[in-house]
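Each of the two complexes below includes chain A, the first together with chain B, the second together with chain C.
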Partner chain A sequence: MKNIILIIVSVLLISIDGFAQTPEEKGYAIQAEVNRRDNGFVDSMHEAYMTLRNARGEESTRLFMVKTLEVEGDGDKEIGVFQSPADVRGTAVLTHSHGLEPDDQWLYLPSLKRVKRISTVNKSGPFVGSEFAFEDIASWELEKYTYKYLRDEMLGEYDTFVVENIPAYEYSGYTRQVEWIDKTIYQPRRIDFYDRKNELLKTLIFSDYELHIDRFWKAGKLVMTNHQNGKSTELLRKNYKFRNGFSDRDFSVDALRNIR
Partner chain B sequence: MVQAYAQYILQQRWLIVVLCLSLTALAGYGIQYLHFKSDYRMFFSEDNPQLMAYESLQKTYTRDDNVLLVITPADGNVFTSRNLAVAEQLTRNLWQTPHSTRVDSITNFQHSYADGDDLTVKDLVINAAKLSDAEIAQIREYALNEPLLVNRLVSPDSRVMGFNVVIQRPGVNLDTETRDVTRFVRKQADQLKLQYPDLDIRITGSVMMDTAFAEASELDMRTLTPAMLAVIIVVLWFLLKSAWSVLAATVMITVSLVAAVGLAGWLDIAFSPSSIPAPTILLTLVVANTVHILTGYYKLLAKGKEKIQAMADNLSGNFKAIFFTNLSTAIGFLSMNFSESPPFRDLGNITAMGVGIAFMFAISLLPALVVSLPAPKNAFSARSNQLWERLANNILLHGKKYFILLSVLVMALIACIPLNTLDDEYVKYFDTSVQFRQDTDYTTDHLTGIYRIDYSLKSGAEGGINDPGFLRTVDAFAEWYRQQPETIHVFAITDILKRLNQNMHGDDPAWYRLPETSEMAAQYLLVFEMSLPYGLDLNDRIDVAKSATRVTASLHSISSQQVIDLEKRAQSWLDTYAPEFAHSDGTGTTLLFAHIGQRNIVSMIGGVLFAIGLISVLLMFVLKSASIGSLSLIPNLIPAGMAFGVWALLVGQVGMASSVVIAMTLGILVDDTVHFLSRYQYAREQLSLSPEDAVRYTFITVGAALWITSVVLILGFLILALSSFKINQEMGMLTAIIFALGLLADFLLLPPILMFIEKSKACSANKKSLRIQSATTLLK
Partner chain C sequence: MRFRYVANCIIATLATFFSAVLSAVEISGHGLLDFRLYTQSPSYAVQNDNTLNPSIMLQPEFRREWNSGSDRITFIPFGRVDSQDKNRTHFDIRELNWLHLGRNWDLRVGVGKIFWGATESRHLIDVINQVDLVENLNGQEKLGQPMVNLNYSTDYGNFSLFYLPYFRDRTFPARSGRLRFELPVDSKDPLFDGFDRWHPSFAGRWNHTFGLWDIGLSHFWGVGREPSLRFLDEGGVLPNQNTSVLTPFYELIHQTSIDIQGAVDNWLWKLEALTRSGQGENRFAAVVAGFEYTFYGVLNSGTDMGVMLEYLYDGRDRTAPPTPFNNDLFFGIRLNFNDAPDTQLVVGNTIDLETRASIFRLNASRRLQEKWKIEAESTLFLNVTANDFTRGQSKDILTGMRNDDYVQIRIIRFF
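On to the complex of A and B.
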């Protein structure tokens, strides 16, 4: 398996060198390869521990379970269920993402025992008060951005491609992102986010990559630092499980209602 | 020794001139490192408890620096399709403001509403140009009933709207960052005005205040120092009537200024609105030095002495007085290091440094230069001597009367001092000629308060802000604040929760109340937060652990004392109804400035004592007499007391500048006393004159010089009073009054005091001789 991938990569790399590509084409090719490698996981689940820190160093942690279902030809479906803090325990967020179209999103509120559909044009606000916006952690679809290859660069010990991503969907909080993609595993190592006035807003560092079912690299730790307000958020992703046999029904509004 | 030194420098005068000018050039090279501070935080020391509390609040939530644009359309209604479209466009443009993190206006207000089980959160105004009248009426209805909008971003009469831009300057070069923000916002306003001439556009906010500080400094530097220079040249010409002496004085002033300001650059002392008067003050002090040396020299010339000899004699005769007067002046300024506000420390240090430099130039460059210049003709006429002699006779004759009269006046004025109230309303630091002041006054009158008090109400538990009991208390506190006459607007999270509760129950107005359980509150907030766009989050109201929330009260323009009173009342409310929040002290710029006057006065008590202590020791040493030394402090301390009495009657309010005035003037006032008394002692001891004749001699020899220097000092500080910046105005006025009274005290009080000392000396000498006589008779 690995050998096949290596061959494909080398062929791809040779072809990148061989043809006179524009930076846009090269950027797209790199991200297409990232996307290709992430595809085919069918479904997955993991625990997410989100620790928020303010400029005084005070912190607070939220825990939620995330289940994802891969959808061919459309964006993935995802359910997040809060475990803590206690007062939001059981609150669940269901998202059907749709590439360039606004996503569909529902919330289940145990205190009201009701499902609320919420408008999703606003994905740029902070997710549960953290430094992550919903758009930062939502399912990544290739067509959501246009790309431009910038340069090759050593990022510490990692040999990376540096690619600029420009949001193609409306209402993004960013003008652009600059992403460092590890040439070996085709996964992001770092993303810089530029705000609407094109000033550096945040930096996201990916680390603790682990290989799952011999194919999928997932970062175990994501740290988002906001340069403007001095706050930061650490996201730990633990206990990844793949191919759990989830079905469409598990990601329906009815299922949300019955979630624990 | 001084004679030998004087002879030497006068022989080598060209060398001295070249040496002094090169040293000046070297020091002046530092001018390129000069920088300005405009951040209002500069007025507070780093360990100021109110500043620390405020910084900590801003670290818990978000920074508070802002620009507020206030727009009034001529048609008197912001709720028209065109005006809302303007607002929408401006809101969008303002997101481009350098270092902005958030823009709030009526158009991007996150309006939440229910539609069955759908919850929509979106901008209140979208695509205003295409809205129907009915839709606009609906928006108006909503906005005017939304507690988070009325009196904050729209006026209740819908005539005025506000655009609040939150600014987070990285602080790498704060001054440049402030300028960038200001330039951008002003350009937006100009463009808007060009496109829609009927709009009245005002700009205020804390970043604009910083800009106003910077612009006040620049204006002062551009106008006050040159004005002072011009006035001094005219006055010197009028008093000395000699082009050459004016030239010499001008050279002295210029090199001392350049060297002092340059050294400040080398030493990395930043200029700020309160240290910008340093060059002007220094200028007046240099003139005083110069006048003493020049008048002494011209008098000796008039007596027919040869130039070099005249200058050498003059220097050796005046050296001690000049040295000690400069030393005491420097001590006065150095004592400003006791001040709570760093800009006053800078002012003191720059001026003290300048005084040191000016002293060195006064005994080297000035004599060398003057001797090289042609001597003026008839610089001093006998007429002026007669005038001073008549004054001396008058004072000697009526000394007691003057003394009693003055004492009564002093007592009366000192009794008035408590009538002064402390006030540091920072908006009023700028007089009404300043745009920032006009715009801010307009904003306070028509839209919302610039003065604010912030509270961080802590529940003490993670997630505790969702607790219904906690929320009820926060709501009651906000309600209590709304009922206070000083309040314009209160911003609390409880208003958002009430609205969300209503939204969650199909927009039924009956549900416009606080959620009943903490789960509901937490989950509503979660839903709401998930629906908010970039920048419009709740992080400025809730801390990361959701354990504390911030309540902000915007106030009318009220005095420092009223702010402190209001906060006291708030604390007693909290003590009674929410003892668990008892330690949630109010904070914010308004309270910071409200306390700064008092903190400065308390800190400067040490400074004044330091100055009094050192200067009295100095006086005793110079005058070689403990009694004369200590008694001579009286005419130097009384003027400050009188001045504050006069101030109480004329103005009645003192700010942070008042605290440094006493120590500063003491050091300068003492100069006159030193000159007066050292002349007097010279007359008594060297010339063996009677006390009365010695007083006459003193008046004739130094009267003119004291008069001239006092006039120059009074004019110099009166020019500071022309500043558009109230702290400088106040300092200038107070100091000018003190100098005027000081001159009066020296002329009217010193002679009677001297006579008194002489009499008691004579008396005790008599007694002593009597005792000796009786002792010898007993022995016999």
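On to the complex of A and C.
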């Protein structure tokens, strides 16, 4: 039902583009359409290959498996399990996201068989030493930002909407983000992140989009470049599988103890 | 009795290897090299006085899955060879079990490891596995425990049942080893209060998440993992460092416990509490409760600093197994640098509010490369006084360790 309303709202808003629509309304309508097209995947899993590069070009890599469960009326549930580096193999992070409410998060330490609650206040902290902050890899929910349409722009070969996103959740490290959204597939092509002093901090480039089960576009490659420290992180997402029949129990605290 | 256990383990091991040969087994694990340096000579002349004590440990892990991951066999043998303490040279099967995952239940049969708990300074309620004390004084390292474990998830939480058919003896340092009590513990010849190692133990646990809080309630009924340590009078021979021993005495206990952890903004709240009967003259209660408050991105960097504070109380009497944590305060700091090599530093001090004796611990670690890691560890015993030992237990159980401050560098290779 929610989806149908969103469709009607976005079709209406987009079709009356230019008539009595504020930039905020238009920005929201564009992002609502992005959200609508991402919804309904039920569950998914993929492999994530992360390569960290520092300013001197030194590299280190991480490999982790990600499983996601779509939750009706709440944020998604997600489990990430590390395969490498070897010292963190089997370490898992479980997140139950709740939009604007604080998320629940647990860390599983396989050598001790211990499940620890972890604080989710740390939105702006680096994820495993990379240039991705926790808030950059968290599940995206429409209500987590307020939006403002800025302009239409050609980004290289892509015709895009440019939208400003302002975090509505607490503890964000950003004053705002500027996002280039591909008009054809309604997916991001680029996001610029502005720090708390409103200076350009990072740029995230999305590429290698692939269509899955005839419906869902997923970027196969994300490159985050930090303009202030010269470091970058490349994230490759491979072997997407949708609708694996995951249940709530697969994303419970107790399932963490059997994960690998 | 012990032979039967060992024989069963060997048969099971051979069976695992046989099935391993037939199909693909995933092999991983790690080995490590420790250099431990004691900063002072030991308290007693019979103890080994080497300054530098190298030690090696190997722990491979073998896993095989089938039924698209619904069935899994895990085999984790463990071995350490130590230059300084013959009891520290030891071998164990940490895990050798079959796990079956059902839709809303799972079953584990074999040797396994289970952790219960929430706090940092003491693992109070964690009772399923025996402590491998020679591995680490903090009680975090455990011996493999034979078990049948059924877990069942419902909307009202997770219910776990444990049948533990065999009891494992706690490990203790040898007479010549460091980090021991005032008299060495004769871990080869313990006493049992009218039962043997095949006396079964049982446990049940319920745990559930309520919003920001995780709560667990557990009951354990069987052989208490902590022994009381008795000096058996040898016909008027006074306790002496050359021949006298403390004999471990294991009793049947009932232990009911609760553990809670919660995350509220920057605060992590932690509680473990238990009540136990069967040891000492009366049922007693014990508690560890505290918090960890984290400052994120301190000093304009990606570094997180956690400040930990916990209070420890234990109401057991003098005839129960000894603990240094009767009325103590723990203060600690955790630094996560959140850098590419995952550099971490944890320091903590547990101080006895009555005697002012304290145990200071430092742990630091950093990844060197994809498969290498280096760790530094130190334990210091502060204000621990020498006892005027006559009969029975010492007043301060740490007194034998008062000169055993050490610094250790550990190099780990993963494979």
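The definition used in the following text is that the second predicted complex is superposed on the first by the 243 of 260 C-alpha atoms of A that agree within 3 Å, B and C clash if a C-alpha of one lies under 4 Å from a C-alpha of the other, contacts with A are read in each partner's own complex, and residues count from 1 in each chain.
Following the convention adopted for this analysis, a residue touches a chain if its C-beta (ideal position, glycine included) is under 8 Å from a C-beta of that chain, and two chains touch if they have at least 3 such contacts.
None of these values were measured; they are calculated from a predicted model.
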{"item": "Overlay on chain A: chain C relative to chain B, clash or fit", "value": "clash"}
{"item": "Which of chain B and chain C A:D254 touches, first, second, both or neither", "value": "second"}
{"item": "First (chain B), second (chain C), both or neither touched by A:R56", "value": "first"}
{"item": "Chain B versus chain C as contact partner of A:D104, first or second or both or neither", "value": "second"}
{"item": "Partner chain in contact with A:G129 - chain B first, chain C second, else both or neither", "value": "both"}
{"item": "Touched partner set for A:K113, first chain B, second chain C, both or neither", "value": "second"}
{"item": "Which of chain B and chain C A:K197 touches, first, second, both or neither", "value": "first"}
{"item": "First (chain B), second (chain C), both or neither touched by A:A86", "value": "both"}
{"item": "Chain touching more of chain A, residue-wise (chain B, chain C)", "value": "B"}
{"item": "Steric overlap of chain B with chain C in the superposed model, located at which of 77-85, 275-283, 509-517 or 617-625", "value": "509-517"}
{"item": "Doubly contacted chain A residues - partners chain C and chain B", "value": "52, 54, 60, 85-88, 105, 112, 114-119, 121-122, 124-126, 128-129"}
{"item": "In the complex with chain A, residue positions of chain B that touch it", "value": "56, 59-60, 62-63, 95-101, 117-122, 168, 170, 462-463, 466, 504, 517-524, 526-527, 529-539, 542-547"}
{"item": "Of chain C, residues touching chain A in the complex", "value": "28, 30, 63, 72, 99, 101, 103-104, 106, 113-115, 117, 140, 151, 153, 158, 207, 209, 211-212, 214, 261-263, 265-268, 294, 296-297, 302, 304, 338-342, 367, 370-371, 373, 412, 414-415"}
{"item": "Parts of chain A lying in touch with chain C, wherever the complex brings them together", "value": "52, 54, 60-61, 84-89, 102, 104-106, 112-122, 124-126, 128-129, 247, 249, 252-254, 258, 260"}
{"item": "Chain B-touching residues of chain A, taken from the complex the two chains share", "value": "52-56, 58-60, 82, 85-88, 91, 93, 105, 107, 109-112, 114-119, 121-122, 124-129, 133-134, 171, 173, 195-197, 199, 227-231"}
